[in-house]
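Note that the chains take the letters A, B, C and D in the order they are written out, and that residue 1 is the start of every chain.
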Amino acid sequence: MTAALHVHEPEETNDVMSRKSSSPLHKWLGGRHLGPLLPTAAAIALVPAVVTNDYFIDVANLALTFMVLGTAFNLLYGYVGMLSFAQVAFVGIGGYASSWLVTHTDLWQPVAFLAGGGVAALVAAVVGAVTVRLSEGAFAIITLSFTLLCAVVAAEWTGVTGGRQGIFGLPAPSLSLGPVDLVADTPRSYYYLLAGFTVLALWAMQRLVRSSAGTVMIAIRDNEPLAKAQGYATNNYKLAVFSFCAFVTGLTGALHVFRLTTIDPSIFDFYLMQVMLIIVILGGAGTFWPVAYSAVLFAVLPEMLRMADEARLIVYGALLVLGLLFLPQGVGGFLRARAMNRQLRDMRGGRS
Amino acid sequence: MDATYTWELLANGVVLGSSYALLAAGLAVIFGVLNVVNFAHGALYMLGAFAAYFFIPLTGYWIGILLTAATMAILGIVLQEGLLRRLPPDGAFSRSMLLTLGLAMIIQNGAIVLWGAGPRQLPEDSRPQGHLLLGDVIIPTGRAFIVVVAVATLGALYLLLNRTQVGRAMRGVSQNPTAALVVGISPERIGRLAMALGVGLAGIAGATLTPVFTVSPQMGITIVFKVFAIVVIGGLGSVPGAVIVAYLVGMLESFAGGYGSAMTQSISVFLFMIAIMLVRPQGLFSTEVRV
Amino acid sequence: MTATLGAAAPPALQVTGLGKSFMGVAALSDVEFTLSTGTVLGLIGPNGSGKSTALDCVTGFVRPDSGQILLDGESIFGKAPHLIARAGLVRTFQTVKLYDQLTLDEHMSLSLRGLYKAGRSGASRRRSAERKRATSWLVEFGLEQLRSAPAGILSYGQKKLLALAAVLVTQPRIALLDEPLAGVNPRIIDLIRDAILQANTEGQTFLIIEHNVEFITSCCSEVVVLDAGKKLAAGPPSVIWDDPAVYEAFLGRKGDGHAG
Amino acid sequence: MPADRHLSVSAFSAGYLSGVPIVNDLTYGFASGSLTTIVGPNGAGKSSLLKGIYGLTRWCKGSIRIGDRDITALPAWGRLQAGISLVPQGRCNFPHMTVQENLQLGVYTLPRSNRAVAVAEALDQFPALAAQRTRAAGNLSGGQQQLLEIAMAMMVHPRVLLIDEPSLGLSPKARCQIFDKLKEITDHGVSVVMVEQNVIEGLAASDIAVVMVDGRIHRHGPAEEVLNDPEMKNVFLGGRPDTAAPGREPDRRRHDDDGI
């Protein structure tokens, strides 16, 4: 490495920083990072044309849900380094808030859904205000405690949550604006709703990760004190990402429970949390698209291996343990390490 | 306000606190020595309760508890050797949390598959009989035993950590693993010992509850949430902190439950934790280290 | 110093009565020093004398118990570290800190951007000037070949250089360096010394903690000696080395240890 | 000189990644009962050699002997019992325990019956520590902590003491004390192998110098001879022995120190 200290090739240095200019719209959408989003969106759009069976469409609906949930958790754990076990709580909070609003008020449905995300974000802001500055272990423990607390509250606060029975018979999401009247009452129509939301959510999260704020997020994960010394209000960044992810997760939760037409305290069970963990760990924490694709895998896989819930959870637990032991960076991390090695070899090769 | 009721709540708080103290001390030992937040602690506690459920009718109360402790300690060694020790060293902290969470799910769902989800109760004739009378307060013997076992176990733990060379070695590993290596302490051996102690303590906590309450695969979930809260409030890794806070939370819960619902009970513990974190983010008993 | 034109401007950094104790043990008590614009102040003292604690207090990483810290006459006592950094006190760390997964370019631009909220204009000309400066520091330190590589692959010396470059490129009000030379070989010591001297010639103000006597003597205009958390002496290096108290605490036996 | 105190390595390689040796195929017999100092540029493998001998590197190859005994297969604590003690770089004690408790852990590998005597002996030999017996180790000064670590390493009566950069971050006064203590230890017949960045002061205190470059031994000989060899000046500057160093004179540092 010392050989690098005396090589000067100033011609090369200028074009790394200057980027090719393109149309403003393209730039705003995310410019050169737009890459895998378009093929992914196209693939999502093609599913209803290829899949005829309603049952498989429902599996695809679950896959879309997992894509958003997994990516939101990845944003927190993979990019900012916050191991939050509260994500599943925000799914439930979003679900309960939107269900209650739709069944108890005359609120326009889309607003009720957004409000579900909003309530989740608000709760996240309150919990986060205390916890984001704590140590990694304390943060993980408190977020897990929060989820367990939510389960207790959902079961006991009968007046609002319907107790252990929960809220059932939720109406199909509908959008009626004048002559337009869209109802998502079949798995297929629900798929269109979810597909639109998923592409939008993935775009927004990808945009965040590739933005300058995304670089700050990685900086906080890699070395928080240094980020502070460089003038970044790291706690504010963490709080903002925590709340943003809670919003996306809460909104996904609302769409999830209206697809199931029911919500009860079991939404806070370990099942969803475990799915999110496996998706992110095996996909590769801190890599965007491998995590999104691994979500699809873990929605489809259990349908192919039909088994009892408990048995599936045992298998998932075992997968999580094995993944941590033998593929700690996940598939995405493995691919990234390989690409980086190639890049370094090129750099070294170019120098000599 | 009824004075007897208050005394009953107080006694109840001590009983609850004793269980929490056993669990929290185990969690703190594992965190302190291995730097692992053991999310499987609740599931292991449940296993301990089931082990006692099978042992006690065969061997009687005291031997049943000892057998449970020994079995769980061996399980702890197996987990340490088979899984935790094999985690890749970089980023091991968050991975160990995820690993123990995976483990918790395997154990808990495995228990449902093996033993069914329903609650079970120890046959009447295997439970400790009779009760203690303290003034007007009636304390069933089984509950009193929880306190006796907890105080004896925690006392032994204190002596082990502070008066023996091996306990000093455990504290040494928790303060500076490299220095421990340099003076010839085998980290593998101390790691095994910490897991054996921590899991054994969880087993004892579970075992002492078996004769008093029902046993079910889900029993670990709600209690572990409170124990985590206790360990965070006490200052992660501080064993004395964990024990003191365990009794505080036991009291808080007993009174919040006595005058409110299960929900107020849980919420009060959570709020207590949040309140402490607002004032002292590092916990009540952890010390500020000079760099 | 004499004020010839009107009232003298307040010193860049003025610390008085600074105190901090950990677990009842005083790490700092009643420490004071003054740093004038454009100078290099050396903070020296035996290990454990409180130098790093003083730096942590000034930059907000540790909350001081008592005292007054004025930056250009305005108090920054007890403020959050990122606010103090934006106010113009930018530091390095004793154990070098970098973002392992981010590239060298990203380090430089993060550093510039984080402090650019401190009222710097966002005009594109300004930004391109900053970018040029970033490039020239990387070239100066021989790191430009590695600019798109993640910082995790750098050697220890290169990491120290990158950390220093990320501070100097922002041209902060005061650059605070915590043992910039510790653990690096003399070749890199020369690079770092030259960079500091060059930046100082261009008007950069420094506060430097260092053990390297030669470096302190050749670079610092003023030295503050701490011992056991208290200020022992202050003055130009040449005067300081003759102070018997400093000898006792810091240099040990005179003329010893150099046999041969 | 007793033959059983003789530490030797042959065809010894060690490193962190399998197949990337930092210490490369090295064969050397360390002189018994003397102070050997290993110097060389950054990344030459000096620290890795010490860690490899004590068994702390992730992989190693070749053999390590003490006297006639091959200790390659032993884990770290086994090598300690075979007579090798290590004081690694940086702070390496138990900061929240008292000095007394630290010393009690220092004799961890001794039979129970010998422990109390060994602690009493250590307090006797290190009066500076005896005075601080009940203080937490983390609250001692840097020099005292280094002394404590040496005391802990010496309590098991090793044949060989390996010590990595004892002067790092210490004031000149504390440095002198540490080097004096090490000389005293060799006077009792223990072989000391030291890695030191502070080449001039380090070599001035030692008997034998070993110059390492790129994981191999470049040369070795009496410390004074190596210290005064003009060919070695680049090594003292942290560079390689075959390349010309720009600029500085090798003895400029000493000159400056004399001038103060």
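What we mean here is this: contacts are C-beta pairs under 8 Å (C-beta built on N, C-alpha and C of every residue); 3 or more make two chains touch, one makes a residue touch a chain.
As the structure is a prediction and not an experimental result, all values here were calculated from the model.
Enquirer: In this assembly, which chains make contact with chain A and also with chain D?
Expert: Common neighbours, chain A/chain D: B, C.
Enquirer: So which chain is the furthest away from chain D, centre to centre on CA atoms?
Expert: A
Enquirer: So what's the Cα centroid distance for chain B and chain C, whole Å?
Expert: From the centre of chain B to the centre of chain C is 47 Å.
Enquirer: Averaging over Cα atoms per chain, report the distance between chain A and chain B in Å.
Expert: That gives a centre separation of 33 Å.
Enquirer: On a C-alpha centroid basis, what's the spacing between chain B and chain D, in Å?
Expert: About 44 Å separates the centre of chain B from that of chain D.
Enquirer: Provide the list of chain A residues touching at least two other chains, using ranges where the numbers run on.
Expert: Correct list: empty.
Enquirer: Two-or-more-chain contact residues of chain B, please, as numbers and ranges.
Expert: Each of 287, 289-290 in chain B touches at least two other chains.
Enquirer: Residue numbers in chain D touching 2 or more other chains?
Expert: In chain D, residues 139 touch at least two other chains, as defined above.
Enquirer: With touch defined as at the start, can you tell me which chain B residues reach chain A in the complex?
Expert: On the chain B side, the touching residues are 31, 37, 39, 83, 86-88, 90-91, 93-95, 97-99, 101-106, 108-110, 112-113, 221-222, 225, 228-229, 231-232, 236, 261-263, 266-267, 270, 273-274, 277-278, 281-283.
Enquirer: If you look only at chain D, which of its residues touch chain C in the complex?
Expert: Those in contact with chain C are residues 41-43, 139-143, 168-177, 179, 197, 200-201, 204-205, 224, 227-228, 236-239, 245, 247-248, 252-254, 256-258, 260.
Enquirer: Which stretch or stretches of chain C touch chain D in the complex?
Expert: 25, 45-49, 155-157, 179, 182-190, 211, 213-214, 217-218, 228, 237-238, 241-242, 248-253, 255-260
Enquirer: Going by the contact rule set out above, which residues of chain C touch chain A in the complex?
Expert: Checking each residue of chain C against chain A gives 59, 61, 80-83, 85-86, 90-93, 97-102, 105-106, 109-111, 113-115, 117-118, 131, 135, 138-139, 141-150, 153-155, 158, 166, 187.
Enquirer: Give every residue of chain A touching chain C within the complex, in rising order.
Expert: Its residues touching chain C are 1-2, 4-10, 12-14, 16-17, 212, 215-216, 218-219, 221-223, 225-234, 286, 340, 343-344, 347, 351.
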